[in-house]
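The structures come next, written out as structure tokens.
There are two complexes below, and they share subunit A, which is joined by subunit B in the first and by subunit C in the second.
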Partner chain A sequence: MIHIQDFTFRYRESERPVVEGVTLDIPAGVFAGITGAAGSGKSTLTYAMNGIIPHCYPGDFYGTVTVDGVDTCTATLTDLSRAVGSVCQDIDSQIVTSIVEDEVLYGLENFGVPHDRIEARVTEALEAMGIADLRERAIASLSGGQKQKVAIASVLALHPKVLVLDEPTAELDPASSRQVFELLAAYARDNGTTVVVVEQKIALLSEFADVLIIVDGGRIRFAAPPREVLAHSEELLELGVNCPRSTTLMNRLANAGLYTGPVCCDVREASEALLEVVA
Partner chain B sequence: MIEFRDVHASYDEDIKVLDGVSFQIPDGEFVAFVGTNGAGKSTTMRLMNGLLKPDAGQVLLDGVPTTELKTSQIARRVGFLFQNPDSQICCSTVREELLFGFKALGEEGPDAEAAVDGVIREFGFDADADPFLLNRGTRQLLALASIVVLAPPVVILDEPTTGLDFRECMKVMGIIRRLNEVGATIVMVCHDMEVVADFARRVIVMSAGAVVDDGPTFDVLRNPHALGRASLIPPQVVDISLALPLMDERLVESPVALANTLDEMQAAVSEEAGR
Partner chain C sequence: MNGFLEYVPGDSLLHRLNPMAKIAFAVLFAIACFCTSNLIFLAAMLVLGIALAASCKMMRPALGLMKAVLAFSVILAVLLLLTNPSGDVLVELPWGYVGTGSVLAALTTILRLEAAAIPLFLAFYVTKLTDLSNAAVKVLHVPYKYAFTFASTVHFIPVFMNDMAAIMEAQTARGVEFDQGGIVKKVRLMVPLCVPLLVSSVRKTNSAAIAAEVRGFDLRTRESGYKAYPLTVADVAVLVLAVALLAAAILLQVL
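Here is the complex of A and B:
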């Protein structure tokens, strides 16, 4: 679905490329998680996927980026936005109306969705994010978590083939963060949507992502199932990426010769593995 | 000492945010407030630094109600780090930003200049840099530095690690820990339960405008009932430590059932596996 070949990008105002020599394939229906230290090039990679680069940020663009078979350099941003739904890091910069229902309607009307289908699309998107009860609410009265869900619902209503989300849970409490990931994963599974999420909460990525991509200094250091990537906990720490504590614990026990099983990605796996260690 | 006595607060008559909150925070504590979005944590912080006054009950700073203190008197005692550093950065260079607090308090002079120079060195800032061109993590550090430089006895931090990567998070939290070690009272709102477990010595759990648990960090983080009421998930090692005795009752009295940290759990498992 997303094919990036030898991609290098230098913003006009910066001296050096922010992303350099990246080649990456994200097949259709895959849930991909991207993480890495601040300034490593994570957001720039997502801008390349949704066409913000090169259409909004000028700079030197090398290589090719195609989404659903379309070259992002030759397609218009309008056409790209029909295939790729994006949720920004700063939710307030994305929200344009004052009532939840209007916010979800806004994109549908702009995309010329026939009037008789709009009602069902709004209801379906709000239900997918579990916020049908907020339909009539003023957006200014919502909590950060609720606003985040409204922004995602307004993108889901457009039925994008690809969803690109930049730190969608940054301001959410642990329960709401997990709920957003659960809702996203369920929606993607039911609709075959490809999901790309930039996120610092590695425990959530480890649990929900099919592919974990670690970016460092504008290059991809790892792109593999979380279990394979998390086996390198020491190296990840050097890159500024801290593994989930459950993974670190089991990796430490493996290094001490007390555990020989596969890498653990979450609390449940670690607890089950520990039961055998102490049996 | 910060004291809340049966504090009620609302943003207008319809939306009650705090419903009878009481606690005391003695000098030198390191307290984390945890709870879901909308539980009333940020409102509690705003009451502590006088940005908000209670509808009923009292908020006392060293025994004096905040309603009887001027904003400048509170500002000298209580430093406040907003969740978003852009809410407090307002100057065109790092140096001016760090001097801003002294100017606002009418305390400019050689001592202020020396304090700013010291903080610039300690944090490794470029004094002439434009704050708004710095990355998110460095802006957060600058916002923190502008509080550190005034050396207030109480520092309130609303989500100090949001949006930071792991290294930036450890740097910010390391500075906060050092402030506490030299005597500052730290009150922090934090969603990251691993950070809470690593740094706070006391945890106050809030849910729907009320305090539902309050105690030493691991007593609270090991209380599934209180955390459940606030829809919180314990830190992972605590979660494992609580889960294992439920999966195998022979582990109920074992050291793994008491382990709170990575080091404790590693030692406990080694001991248990060696039996």
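Here is the complex of A and C:
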């Protein structure tokens, strides 16, 4: 679904490329998580996927990025937006209306969805994010987590083939972050949507993502299922990426020869493995 | 009370009226107030405005508005008293006098501004901003870009106000004393904060433009709007009332 070949990008005001020599394939229906240290080029990579680069941020663009078979350089941003739904980091800037219902309607109206299908789309998107009861509410009166869900619902209503989210849980508490991921994963599973999420909370990515992509200095260091990537916990630490503590603990036990099982991605797996070790 | 120009939910007649009918009524009402100097008519218009506020449970905000308008109109009224000598002399001044006509003119100004402001204020608070811009596009054929620009501007005012408050709090935490001294000192302290506010505003505006574009902003046409805004009997009645008020005001002035 997303094919990136030898992609390098330097912002006009930067001296050095922010992303360099990236080659990446994300098949249709995959839930991909991108993480890395601050300034590693994660957001730039997502901008390349949704066409914001090169259409909104000028700079030197090398290589090719195709999404659903469309070259992001030759297609217009509007055309790309028919296939790619984007949720940016700053939710307050993304929201363009004052009422929840209007926010979800906005994209549907613009893309000319037939009026007899709009009501069903709005209801479906709000229900998918569990915010049907907020439909008439003023967005200014919502919490950060609720606004985040409104922003995601407004994009889901467009039925995108690809969903690109830049740190969708940046301002959320752990419980709300987890809920957003659960809702996203369920929606993607039910609709076959390809999801690309930039996220700092690696524990969430390791639980929900099919592919974990680690970006460092504008290059991709790992792109594999989370269990494979998390096996390199010490290398990840050097790259500024903290593995879940349960994973780090079990990896250390494995290095000490006390544990020989697979890499543990969460606390439940680690506790079960520990019980085996102790037994 | 909600934020600046933030929709107040409700189910009153004013809430349910066509957005364009509401705005047209408010504008014609305001014009009528400026077309006459008849004190009784203006007082009746003020009572009508207050009744409208009560009908949509907006009395408290409307009283707040009246207080603010009063402060402004009193300044104008004092200027009129001092610079518009007419009628029987009440107080002699070195450059003229305050007469009965001056007092009437001052009172008229206060009443006129108070009466004219209320319906305009109500029209914005009982109408969703999106409905207002969409109806302007559908009914008045205003180009969507202009309607969206207006709606976005109003939408971002509270966002920027929050940003300014956050910047001021950050500065207060570093020892800047915004709560000490007079208004001049406060303004002087606030001026340098306009730079970070401007930077964050430009950044936010740019992000909003991108967010709108990736949701098909460029494809928008007059027919795109989902909601219809037909004129109902109530809308027509309200418009007729507004025209009648305007005609009455003009007649009272002419006769």
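Note that in this section the second predicted complex is superposed on the first by the 279 of 279 C-alpha atoms of A that agree within 3 Å, B and C clash if a C-alpha of one lies under 4 Å from a C-alpha of the other, contacts with A are read in each partner's own complex, and residues count from 1 in each chain.
Please note the rule applied: a contact is a pair of C-beta atoms (placed from the backbone, for glycine too) under 8 Å apart; a residue touches a chain by one contact, two chains touch by 3 or more.
Keep in mind that this is a model prediction, so the values were computed, not measured.
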{"item": "First, second, both or neither for A:251, with subunit B first and subunit C second", "value": "neither"}
{"item": "Touched partner set for A:93, first subunit B, second subunit C, both or neither", "value": "second"}
{"item": "Subunit B versus subunit C as contact partner of A:118, first or second or both or neither", "value": "second"}
{"item": "Which superposed partner A:206 touches (first subunit B, second subunit C, both, neither)", "value": "neither"}
{"item": "Which superposed partner A:170 touches (first subunit B, second subunit C, both, neither)", "value": "first"}
{"item": "First, second, both or neither for A:43, with subunit B first and subunit C second", "value": "neither"}
{"item": "On subunit A, positions contacted by subunit B and by subunit C", "value": "none"}
{"item": "Complex interface listing, subunit A residues touching subunit C", "value": "50-52, 56, 77-78, 80-82, 84-86, 88, 90, 92-99, 102, 105-112, 115, 118, 136, 138, 140, 154-155, 158"}
{"item": "Subunit B contact footprint on subunit A (complex, rising order)", "value": "36-39, 89, 143-145, 167, 170-178, 200, 203, 240-242, 244-246, 248-249, 252-253, 256, 258, 267, 270-272, 274-275, 277-279"}
{"item": "Residues of subunit B touching subunit A in the complex", "value": "35-38, 83, 135-137, 159, 162-168, 191, 193-194, 231-233, 235-237, 239-240, 243-244, 247-248, 251, 254, 256, 262, 265-266, 269-270, 272-273"}
{"item": "Of subunit C, residues touching subunit A in the complex", "value": "2-3, 6-7, 9, 128-130, 148, 151-152, 155, 158-159, 203-205, 207-208, 210-221, 224-227"}
